[in-house]
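Once you've had a glance at the structure underneath, I'll fire off some questions.
In this document, chain identifiers A, B, C, D and E correspond to the written order of the chains, with residue numbering beginning at 1 in each.
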Amino acid sequence: MNLLEIRNIHKEYYKGDKSAIIVLSNINFSVKKGECFIIIGPNGSGKTTLLKLIGLLELPTFGQILYNNKNLINISRKEKVNYRRKFSFVRQKPVVRNTSVFNNIAYGLKVRGMRSIDYQEEVNEIIQFSGLKGMEKKNARSLSGGEMQRVAIAMNFVISPELYLLDEVSANLDSMNLKLLDDFIMRIKQDKEKTIIMSTHDPLEAIKYADRIAVLNNGQITQIGRPNEIFTAPKDEFTALFVGYENILYGLAELDKATGLSQIKINDLIITAASQQEGEVKVCIRPESIGIAKEPPKNTSYRNTFKGFIENIRELGNICHLIVRCQSEKFLITITELSRKNLKLEIDSEVFINFKATDVKIL
Amino acid sequence: MNLLEIRNIHKEYYKGDKSAIIVLSNINFSVKKGECFIIIGPNGSGKTTLLKLIGLLELPTFGQILYNNKNLINISRKEKVNYRRKFSFVRQKPVVRNTSVFNNIAYGLKVRGMRSIDYQEEVNEIIQFSGLKGMEKKNARSLSGGEMQRVAIAMNFVISPELYLLDEVSANLDSMNLKLLDDFIMRIKQDKEKTIIMSTHDPLEAIKYADRIAVLNNGQITQIGRPNEIFTAPKDEFTALFVGYENILYGLAELDKATGLSQIKINDLIITAASQQEGEVKVCIRPESIGIAKEPPKNTSYRNTFKGFIENIRELGNICHLIVRCQSEKFLITITELSRKNLKLEIDSEVFINFKATDVKIL
Amino acid sequence: DYLNAQNPEKITLATTTSTYDSGLLDYLLPKFTEQTGIQIKVLSVGTGTAIQYGKDGNVDVILVHSRSREDDFVNASLGVGGVPYGIYRACVMYNDFIIVGHESNPANLHPGENIITVMTKLRDAIDNGNMTFYSRGDGSGTHSKELALWNLIGVDPETRWKNQPDKYSETGEGMGTTLLITYEDAEAAHEGYTIIDRGTWLSLFEQYTTLKILAESIVGENYLLNPYGVIPINPILYPHVKYVSVCRFVGFLTSPYGQDLIDAYRKNNQVLFHADFGTCDHDTACTTTADEITIWKPYQIEFADLTV
Amino acid sequence: MPNEIIEGILEAIRLIFTFDPEVWGVIEVSFRVSLTSTFLAALVALPIGSFIGLRKFKGKNEITNLINTFMGFPPVVMGLLIYLLLSRNGPFGELGLLYSTSAMIIAQFLLAIPIIMGTAKAAIESVDPILKETVLSLGANERQLWWELIKHSKKSIIAGFLVAFGQAISEVGAVIIVGGNIRWETRTFTTSIVLQTRMGEFGMAIALGVILISITFIVNYGLTRLQARVD
Amino acid sequence: MPNEIIEGILEAIRLIFTFDPEVWGVIEVSFRVSLTSTFLAALVALPIGSFIGLRKFKGKNEITNLINTFMGFPPVVMGLLIYLLLSRNGPFGELGLLYSTSAMIIAQFLLAIPIIMGTAKAAIESVDPILKETVLSLGANERQLWWELIKHSKKSIIAGFLVAFGQAISEVGAVIIVGGNIRWETRTFTTSIVLQTRMGEFGMAIALGVILISITFIVNYGLTRLQARVD
């Protein structure tokens, strides 16, 4: 069943001279419970606006937003508050209230009527978890950009809403804090009762978390689909250019205790990866780092070597894209035109593809 | 000669209970005219604070800031304004004035006493250049996060200051706008009269632009040096973990018209890259994507194959780092322990390293 | 807080500023309270307001000086549905009006001149632009008196000097302020005149060194006299009025004791008011003297043993 | 004539330190009336004014305009209206409130309302809309949002309160009509000053003014300290 | 007795539409005096108040306190002080300004200053410090920064201006002492109302109040429109 359904949403803003700017038009999609739905799109495409509409912070010019089949447009103020309390909204540029970090984080619980003694523990836990320990008493306004972003995240995560609306949450975070955010998001994703709608302009982030991706451009959705559909088969040139290209495979990882490497079973293929992970995984291999040889390589560090056939060739100036089928899976590979000529690669040529275990990213 | 000299800067903030938080301590460095100096460090390390001090927006608790040998601490308000006018400061979370995009961008020129007719053209040009055409008349407050970031950049670049202070400017920007920012920064870097001090928590951005990098951690500078010094020889574990590892090489690129590929001469080595670039370049090859073989590969798509010797091996669990010397250059390569054992790699083993032209990043 | 002993009865008196500001009431009332235990709250306002307050039933008794309006106040046909606002009036005291001006005396007034001469000289000096006359212009007893004096020589200042404040200036203020304005006299180079009741003059004149009395009542002329009357509010109209207490107060004022107190009151060593209950012979319109004595006699008895 | 000013200041000191009962009574009445009325007005006007600032609705401009107009409501007229209502033959005559501090409180209460309302509204409106959105998205209901914004703009709101209090304590037109300037009962600083001025006692008037200002200073000092504390 | 109120409203309409010259004169004096004094006060107080809000310096708390206190400066006392200064034997007696609209403007000007100053200060202080930094880093000097912040907080500043104007137009204690309520010259709405009240002409007093409020409404309406335009 769909948790959220967006039907024919339009949003216009009015300039000083009363002329309209169409920010969103004809937006239709639905999100299932437990899904992680990611909206990607360039700057100004309308991501923030769309999230604000869902978060009931603005009204659409027209269209419907259904949550559990109830239309949220035109409900009373009181009902709106009730729905907002099922959601959380982490802003792109978070602002914090002029009070301590602790009080900021506790605020969501406080407004829900929880008493101080009841939320004390919970809030302290999330402070610990977000690495904000020791800053609880600091005024949140005096924090650094990244710290404030963490407070904003903690603030919204502590209320454990049904639906998380996350607007480019990773901006301002350094690599360690990205890891933290990752932990947070992964925690939520595991809980099948929780739903995430997230915006980003970073295609890699989208691949990493998305169950489904919607591509927003210029206020319109140009494509919706699973990450591999979008990244390996972009429908139009804009999407292709914007998302870049990635090989995305879904498989089951098993840890090989002896070597400390993961073996990922993807239909008929088994890929070796240097990360230590188990269970269902999403695997990403960059098209630039897959090598092609006419003969099976010997005595090399390439843990992954598969035989395949060239299914398709796309020429793009000095480089070209090859689609190579290795048993059940297709790989996109970028090589230089020069290599292609030297190797005399044509459609249906038999080739060996090589990539290193360290170059396999498990998301 | 040093344009800017930071001497023994300390900065403390006071909490509500009057206890001090030391945000920066014992900061010493100097920046030459024309240099691009980058401060990297995790969230909360003090980057923004340091830039604010240089931008004369806050006062250090003690220490000196010398600009052209003049100490900027304790100068009169009027002189401060004069110095601030030589600087620009793009904030991490930009705010804009409550007026049109055009007026926001023109503001810096206006306060410097330029008349409207004189700056009209200049401002329009930068609006064009920053892709803000058509939005000039919009209130800047109504822009999307990325658009606002662009306005903030344009706002500061139009005044063409001597010293650019850029605080995590790339946050919020999508790939296309990153390209735009890149154009901007490259333009400035070409002008040897202009100096940049920039903060980032993204190590790749630092490699890309930096002439020199300072690593800030916990309010202290732990290392200052050229990007390759820092990325290939981090002084402490913190820096190593934070920056990750990269192969950074400096060379001279030549475009091969026939193949459309660049040939980059790095001392005795010639590397082929898929990008079309000429002149002095910085080249970056990810340690994960360099393959190792015992024999020279034949009939493969690897455009770059060099013979070398293993100089050093560092074991790190299931993966290990190899330092391979190929003539004048050293390469850092990550492979799995398994590969190393299979290939029987030891110090001084002769190996062939392979990487694709598409995998060579020219920065 | 001497008044708040054992929750005594309180009555409210509305009076004109001249009786209050001169200090007379602060002198008289404690003596009344001492004798009867009745406290009096004083509202010191203009005659117009005092009368209005009485009509609205917001006070229990009024002490004012505007005879014609006082007569209207006790006139049944001008009351509410044939019921007058006040039933009985009593003459209490009087003082007189004087005309004061700067020493330069551009109107050239001389002592002993009769009122017609004085007013005519003033009129001519005003017309010639030699002086400014300051009128209170506030419908007060003093103002009515002034208009009546102009009327004696057939002048209506309202039309004659309309919108000419440099000639005829209406201050719209109380007596003290009008005197002050006359003294400051910004309009004409310190050549202002005004009419004032002697009580106010005597309590203020020391400060106004350049002002002096240029005309006053001469023997045989009643025009400048200023009688004060007291009227209890009609309890039929306003049942909350503490009529008995009020009557005791009127009895006090009109009793020989009260009358002696008034005559004995001095400010700056000057007599301010002259008691005239039962001897009100200076105004031919005062036809009530005999009635007053019959009505108030009984209430005066309780003060009979007292002496100043 | 400024020797009257010096005289007044000396007299002020004398009056305060000899604990002149009449002066202390006047102080008591003035502050009781002004503080009570301003606090009561704040109780009513702060919620309403900030609520108007919070919401968008039809006719908001007109209401804003009305509030602004009533900020300049002449106290004498207010005094008169209250007089007419409380007068014995008026609709609330039975209550017998005229010429009491209650009547004065009512008049000043009504005068303070538009001032506190207008400044609260303007203060709430100048809060960053992003803060508003953030608080809403954290699940605040309207009342909680409202409280947040109040806290956020307390500086301007306190400024409005101080203006209203200042206006009340220094107002004379209304209190003299409905209070009647009755000695020992409804006499305030201002009505007392008016009386002294009328009687030509400028020195005494100035003395009362000096005392009033000094006490106001102390009250404000307390409020400012409080403001700094809550910051 | 609220029939006096109805009577007053009818009388107000009659007076306005018969173009009663005296009433028009009163309107003219009232607005000339109040607008002039408030504008002049704004000219002085806005720069100073906002400047105090802008900078941090020693003794700022004390100054804040002083401003707050002077917000409640009793107009009667102000009137008295101005009277003493302008009176014949006062230091500025030679100027002959007493009982003129100039004297009234001076008194109201001084009364309006702390109000405008205090609200401007509070408004500037509640601007987001990040905006301040941004403007500074773009090279604004102090004057330019100041102007930016003024523009930013114009809502609250205009609210302060309206409070001051409202206070001025409805004030009576000071203008009556220094202006003297002289017919055809210095008589304003409020002094006129006081006079009518004293004469017991409550209907007329109410009529004048109604006219004053109506005109104030129109003036505010204009200002609000202006404010919307500059927004």
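Just so we're on the same page, a residue touches a chain if its C-beta (ideal position, glycine included) is under 8 Å from a C-beta of that chain, and two chains touch if they have at least 3 such contacts.
Keep in mind the model is a prediction, meaning the values are calculated, not measured.
Seen from the C-alpha centroid of chain B, the farthest chain centroid is that of C. Here the spacing of chain B and chain D, counted between their Cα centres, is 59 Å.
Chain centres here are Cα means. That of chain A falls 92 Å from that of chain C. Residue positions of chain D touching 2 or more other chains: 87, 89-90, 128. Shown for chain A are the residues in touch with two or more other chains, namely 93.
Of all residues in chain C, those that touch two or more other chains are 56, 174, 177. By the contact rule set out at the top, the touching chain pairs are A-B, A-D, B-E, C-D, C-E, D-E.
Against chain B, the residues of chain A that register as touching in their complex are 13, 15-17, 21, 41-49, 92-93, 137-139, 142-147, 149-150, 167-168, 171-177, 201-203, 242, 244, 259-261, 272, 274, 276, 286-289, 291-295, 297-303, 317-319, 333-340, 343, 354, 356-359.
Listed in rising order, the residues of chain E touching chain B in the complex are 128, 130-131, 133-142, 144, 148, 151-152.
Interface residues of chain E, counted against chain C in their complex, comprise 1, 21, 87-88, 96-100, 176, 180-185, 187, 191-192, 195, 197-202. Touching chain E in their complex are the following residues of chain D: 1-2, 4-5, 61, 64-66, 68-77, 79-81, 83-85, 87, 89-91, 114-115, 118-119, 121-123, 125-126, 128, 153, 155-156, 158-160, 162-163, 165-167, 169-170, 172-173, 177, 189-190, 193-194, 197, 202, 205-206, 208-209, 212-213, 216-217, 220-221, 223-224, 228.
Interface residues of chain A, counted against chain D in their complex, comprise 52, 55, 57, 77-78, 81, 84-85, 87-89, 91, 93-98, 107-108, 111-112, 155-156, 159, 165.
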